[in-house]
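Common to both upcoming complexes is subunit A, partnered first by subunit B, then by subunit C.
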Partner chain A sequence: MTAHTKGSGLKWVGRAIRRLEDPALVTGQGRFTADLPAMHWVRFVRSPNASGKIAKIDAPNGATVITAADLKGVKKITPMLHKFNYKPVGQPVLADGVVRFVGEPVAVVVAASEEAAEDIADLVEVTIDETTPMIDARAALQSGAPQVHAEAPGNVILEGKFKTPDFDATWKGSYKIITVEARSRRQNATPMEARGGHAAYDASTGRVTLTCTTQMPHLMRTAIADVLGFAESDLRVIAPDVGGGFGQKMSLAAEYVVLVWLARKLKSSVAWTEDRRENLIAGFHARDQYITLAGAFDKNAKLLALKTDIVSNIGAYSCFPTTCGVEPLMAMAEMPGPYDVRHYECLARGVITNTCTMAPYRGVSRPVITFTLERLMDKAASAFAIDPIDIRRRNLIDKLPYTSAMGLVYDEATYKQTLEMAVKAIDVPAFRARQKAARAQGRHLGIGFATFSERTGYGSPAFAARGMEITPGWETVILTVDPSGFVEARIGSSPHGQGLRTTLAQIIADEIGVTPDVIKVVHGDTDIAPYGWGTFASRSLVISGGASLIAAQKVRAKLIKIASHMLEAAPHDIMLENGTAKVAGTDRFVSIAKMAREAYHQTHRFKGEIEPGLTETGSYDPPGTFSNACHVAIVEVDVETGRVTVEKFLVAEDAGRIINPMIADGQVHGGIAQGIGNALLEEIIYDESGGILTANLADYMPPTAREIPPIELHHIETPSTTSITKAKGLGEGGCIGAPAAIINAINDALSEYGVQIDEMPATPQRIRAALRASSLPSPLWGGEKGTA
Partner chain B sequence: MKPAAFVRHVPRTLDEALKILAQVAPQDGRVLAGGQSLVPIMAFRLAKPAHLVDINEVEGLDRISNDGKLLSIGARVRHAAFHKSVVENPLGLLLTEVARHIAHYPIRVRGTFCGSLAHADPASEWCLVAATLDATMVAKNTRGERPIAAKDYFQGIMSTALAEDELLAEARLPLLASDAKFGFNEFNRRAGDFAMAASLVCYRLQGGKIVEPRVGVGGAEPCPRRIAEAEAALNGKAPGDAVFRAAAEAAASAVEPLEDHQTTGEYRRDLVRAVVRRALEQSIT
Partner chain C sequence: MTDKTDITLTINGRDHAIAVEPRRTLADAIREDCGQTGTHIGCEHGVCGACTVIVDGEPVRSCLMFAVQAAGKPIRTIEGLADGERLHPMQQAFMDHHGLQCGFCTPGFLMLAVGVLEREPDIGDEALLDVLSSNLCRCTGYQNIIKAVRAAAKEMRGK
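Then we have the complex of A and B:
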């Protein structure tokens, strides 16, 4: 393909066309799991206790209540890693004798309606002989702490260790060591649509169709068939319209296994719609980490070495298919971020506790490690008495490709350029003047920067480095021009809001010379779509996009062959555009629709020289590519109440070639909104006994539109050299950079008080507590000591 | 997230409503008005009323009237009714200022003024208004009606002096002096959330000095109430920064703050200090 410049001949790539998927969604014609009628509805009875033995389960007479005792032959969900001293632990789909977190499914009630099922579930009494729960990861690491699983001594399920040669000598020889103790509290991804499933048995074939809110239908099929022990081909999994996933819906819900088991048992249809309370308690959590990070600098504030201890609370079980390695191992691999640092030592542990199981959440560990690393850089800047921007200038990677201390290869990117672009756009001198003027009026403004790399679109080698038994990576696209001349792309990815139906159509349209609206992108049905990994990890545009391009190139080649035959012209004289094949320099052409008819219905004319039909398959498994960005937040901190208001947010980003600028911007906006929640608002809180205090959206607080400031975006397009469409992923960057920028801005606003906010979310309570603990005088209260 | 089964009664007249309430109250019957507090609690099954007396069809309860001294607000009057001033008196403006802080627009269209008072959430803006202005709550049952003064009405977190067979038929707020000054401020984590502390202040100026001060604080204690110590700090003083700070400090010291897992008493006092001072500042801008 030619370079992406204006007038390059690329007609659709790079244009902000409206999303082809939206007309149905905005007119109420979307089709969601909970829309399906069912003969039976279920309600899960969940453990009221965090830890203990199930003494008895009493069900009302005549009710259908299934417990683990009924599930003979059903295997445990046992995700597997083959590295990092991983201890496989099994998760029974219904708690089998032991409960390990509040909300764990203990029994399932089957009734004729949702209401009836909930009424019966209310009457089911679960008696548990409680044992001491382990809630906090550091407490669970103490010697003598109660064991959550016998298989994982010391509650450590996995341990990653890494150290570069000569680390110790570098460390000892350094000029200054700066340390940050970071704490990231627990979150729930809170997709708009909670989870849900509908399993229907077909008596004529014995097959079950599971419709569910998943990001990876094929992996659900594999996992459920494995756990229940039947042929994968006897299960069809459909992901209809899915109302957001953010990683929460890429992990196997034990509830789906139960639904399929019930459909086969009852030979009927059975449905479950998760409510918000269940989702907040049991729908997977994320980001509960302690990170200690120290940086060794030379006298010019150049980073020489990083040392980090990562403790990730992975909850009660290991999630399928990524395993609980997803957070600690990503943190280990990517901690050095966008900085040139040659020496690195890391200890990353996954700790099992009596809390809801951890699963990937948009950004996975990177919002946490970026926050930690960017706090380190700001603290170091302060220690060296230089500007936070300068310390980044001195340390950002600028020679590419770059191989990190961990061995990751960073492709072409613009770490320094995006920083400079953001610094210029935000007008730092003007802000500093405004900050000073505001301070004179008793107001506290702050500015914070975050620079980061976002590893995206990585294929199987990257996942294999983690030793995953289930190693994701590649994608397949089957592209068909049907006899009517319309185009269908069947993809293994499973978009649920990312706009892939539009962006893939743009890529295909340019290749075969049609308009995107004649291209249907079909996904989310294991009977129709090719086996694939689904949509997660900022991968689908890169990998499915690459597979789409490969398939489209093959279709293009075949169309040219057919046109050459029909128009009696040399193949190199054929041009595909506007739905036709033309002979260059003549007025001879044939429409793609006509060629398609020919390809199916007049194949005798090809005299055996061209295969019948017009279907081609493309597969793609790239090494991965790094997007990068600089985020800037301007905040105001109300020192009397601790409230933080994000006044403005600015992003300078490079995600390679942008296929659809509107969709790209939407991804960044949404990510920043979640980053604001992460930085300031969202926290799953357990009490000491393992009960959840934040089981509704009044107590667990995603931001509303009122908490989202104006967002200004700037782009650089550095074509990726490791992605055949030259596009990089950008699905996670918004939420990766935003928390760090906001927390740094808060610390900037409060710099005169000497407080250090190194915990997320930075709630008003925590900010006030830090100010109160500050020993510096506050001019607000007449300069009295300690009364800020 | 489905409520337990219940029987819904839909009376058309107040007499009919009171009769049904008298019958069903002993069988865990509750009044349903806007349902913006009760229905979520039912969905969580924290409340499982067997009967709901739905008063949304009852004639006459949707009226707002004033007799020159009192503003009477019927049981069906929605929060949104106060988006515009309902009376030519500073009270009308005060209610408009407060109303926009109540939850979100769709909730304000459905929820009712009296429903908030009957529910008696400590964070309720209308409960703070009722306490600060010494409203009178008119409770009715089949045997008659009785007025309840605000200071007697609020009895604890979501607890009031209403008997189980009593309907809060109306609330009466005293009209304010034409030169009354007021200010309102609340603190919450997100726009529309329950207030973690709120303050309503109201006073008159005579010869440049504050008279008849009222300082109400809500969200910080089990019930909203007037804070005498803060009022004393204002009384007879000229409004100004130092006086406002002193009153705010007095309020912060006087409250016995609610605490929870995240919010210490000390922090709640910080918020009380801030909202009282800011409400006072608003009163002079």
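Then we have the complex of A and C:
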């Protein structure tokens, strides 16, 4: 069920129109990176060991095999942070003398076909003198642990600390302290299209065109030109249709640098298509964190202070451009979530290990911190013997705008209202009755809540606060009405499934009085699109949407000026609608197509009062905004097998003004599905030597249609005052709230056993282990203790 | 392994005379030797179903079939699903119900659903859910795919 407020009048914004992207994609006419033919194909030879010195690399005679020794003058990838005691560590694009994780590219084979390159790669022998690998972040923090990088003593690459004044006195004076030890295992974003690149050299210009599966084409161009040391203008980067990203395709793949180097070296075209195993072992990971969180409450269960220790396993290198600070620092800034808490102490560390490099993944740290904080609230509710809903009622922020203990300003939102909406819609008393009845039949049902805020539309100041050298906060849109009267918007964002070609067209259409289908949104080509950052962090609709609105307002103003000239009417009497400019109260009008012709071809008529052409540029750098939601999960746990079935999932959310309800709901659905996978199924598992045990999609398990229950959505639209379109982002929220709601529901289902599941994913093995360790009687085996 | 065999693949009614190694998968042959890149490859180990095509009336994972095994059999891919400019009801339903986002898994889902519904037009909701759970989508959360397939099934039965 969906209950959006109605779109206003005949405007395009607010309407669930079909996507302009779809006709090509449903007919097989999408153009993805791997569809391009190439003269040469490469296969990367990857390290079989997690840690060690490269003793030798033996290649078959006559094969073209490139190693670090060949890459003279190629710089290391070294992203930079200027705060938090950050230790810049460099990543060689091919391992240079030392390997630091299983899957690290050590050499690259070039051949005439993909098969030939794979055959040769199988014959390349890499001999490594192994050293002791550091796989677990806590182990890597032990004193005397082997160092992964000389530049990062103690394996700590970054350390954020924060403490409010008077924290200690508040802590001491509190009534009850509740602690949660949370663990989030390692996950992989798993876009259905793995990564790939195709670099083609153009002999006539000396330029290279890199087509690749990126969310950030301009940043790829900047980074690759920097690392290889040539003019950025000699590189064109194209993000064609991209088969999902979820953050994994934000970061610079070392493989892309190698492809561009090879294209320049061979003066030809070179392609690489990542296979699923490569993607799972080396295509960036996320979410591997230990979080200890303690809350100090007064005797009314009001949260007074939060104290947290965040240990984030960032893998072997720091990802470009966000750096490895993205997980620990977001956790530090946003841990207090939607709750009013005035005192906060945090230690957030990024720890280097011999594992695949961590990169952003949908929600970044927030699925983990929300899970931790929501476990804390449920444990506190239990300790105070109050309802989990009540403890949230007592603590959710309700006076807005609100400045957090960390200094973040929360704009208008509906934390309490969405909670109440969800509580009412799920009908808690009816569920409790059903739960009781089911329990009498030996079935274990549980309900779990998660309330959270989702910071979206991060502007440059948010990134500057982290000390990032690159602050990807703004976007530019160049909007042109061409001489034919059709409209083209060139955008710096780089959507890959979010439907931005449709939603931006809706925003622009309303402003200049045309239909969305005459507006082409063009993106993903550095030769065509203005410099911009890409699509990530629930930002594009807010930031590119804002830039689109500003550009459209300028085009609107110019159209009115032209119409005023052509129709000899006062500008304030001109109305733009249905592709025309009309004089209010008359039947006089002129079409936009006619005005466009004049703007380009008959400029002498404007006597120098109007500049030629019909192109305007808008840029937008917002202060950032917060969406919010309450998620509710109902699960059934099979105590005999540990299997969890999600019976129902309900969301009450507020993402400000909704531009296209169909697309917005789709984003929430998709996020929840990933959140359910993260909560129950998905885990990258390393063995002690640093080998990966989950290198295919049968072992690393994204959810299927069978695991995702019906999802019920409810909306509140509170227009944002900090976003000029009044829209907030919502791409990540589904993924942020779902793990917390699901795992709280599991704990609710198992409450009688006294078990505490504080780890994600809550796999059957973990649930069974917790039940086995439970000292409470199990009805399964006749009530004997500890035998469940 | 590099000796090539001459075969003819009949894709969407058109013959493609190609020479392939015995180990070449049908997916690679369709995409690279026949230039039909609408069929996508997501895992190459038969789990994700992005490469699903219809061979001899049955949906198959073209990454798990050798090209030589499909020689002489009618193969249908996403490029042949529409009737000229007229979209197949399944394609239309995916658009109407927002059953796709990035579009990478979409050709596989469309061919899977069409293949199964042509074989079993009256398939029940539960059985249909089982069928759809054999392919992976990472964007949509499946709800809209299920809705789309049910709507198209109704439309296909009505014909």
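Going forward, the second predicted complex is superposed on the first by the 778 of 788 C-alpha atoms of A that agree within 3 Å, B and C clash if a C-alpha of one lies under 4 Å from a C-alpha of the other, contacts with A are read in each partner's own complex, and residues count from 1 in each chain.
To be clear about the criterion, a residue touches a chain if its C-beta (ideal position, glycine included) is under 8 Å from a C-beta of that chain, and two chains touch if they have at least 3 such contacts.
Since the model is a prediction, treat every value here as computed from it, not as a measurement.
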**Request:** Once the structures are superposed on A, label A:Gly30 by its partner contacts, choosing first (subunit B), second (subunit C), both or neither.
**Result:** second
**Message:** Just to be sure I read the superposition right, which of the two partners does A:Ala698 touch: subunit B = first, subunit C = second, or both, or neither?
**Reply:** both
**Request:** Figure out whether A:Gly243 sits in contact with subunit B (first) or subunit C (second), or with both, or with neither.
**Result:** second
**Request:** For A:Gly666, decide between first (touching subunit B), second (touching subunit C), both and neither.
**Result:** second
**Message:** Looking only at contacts as defined up top, I'd like to know whether subunit B or subunit C touches more of subunit A.
**Reply:** C
**Request:** Determine, under the contact definition given at the top, whether A:Ile685 touches first (subunit B), second (subunit C), both, or neither.
**Result:** first
**Asked** Can A:Gly196 be said to touch subunit B (first), subunit C (second), both, or neither?
**Response** neither
**Message:** Just checking: does A:Arg772 make contact with subunit B only, subunit C only, both, or neither of them? Give me first, second, both or neither.
**Reply:** first
**Asked** With the two structures laid over each other on chain A, which partner does A:Arg706 touch: subunit B (first), subunit C (second), both, or neither?
**Response** both
**Request:** Could you tell me if A:Gly283 is touching subunit B, subunit C, both of them or neither one (first, second, both, neither)?
**Result:** neither
**Request:** Check subunit A for residues that touch subunit B in one structure and subunit C in the other, and list them.
**Result:** 115, 119, 275-276, 696, 698, 704, 706
**Prompt:** Which of the residues in subunit C come into contact with subunit A in the complex?
**Reply:** 1, 21, 23-24, 31-32, 36-45, 47-48, 50, 77-79, 81-82, 87, 91, 94-96, 98, 100-107, 110, 129-130, 132-146
**Prompt:** Touching subunit A in the complex: which residues of subunit B?
**Reply:** 1-2, 4-5, 44-45, 187, 189-194, 261-264, 266-267, 270-271, 273-274
**Complete:** The answer for subunit A against subunit B in the complex is residues 114-115, 118-119, 122, 275-277, 638, 640-643, 681, 685, 687, 693, 696, 698, 701, 703-704, 706-707, 763-765, 768-769, 772
**subunit C-touching residues of subunit A, taken from the complex the two chains share** = 18-19, 21-32, 34-35, 37, 115, 119, 190-194, 241-244, 246, 273, 275-276, 496-499, 662-663, 665-666, 669-674, 696-698, 702, 704-706, 708, 710-711, 734
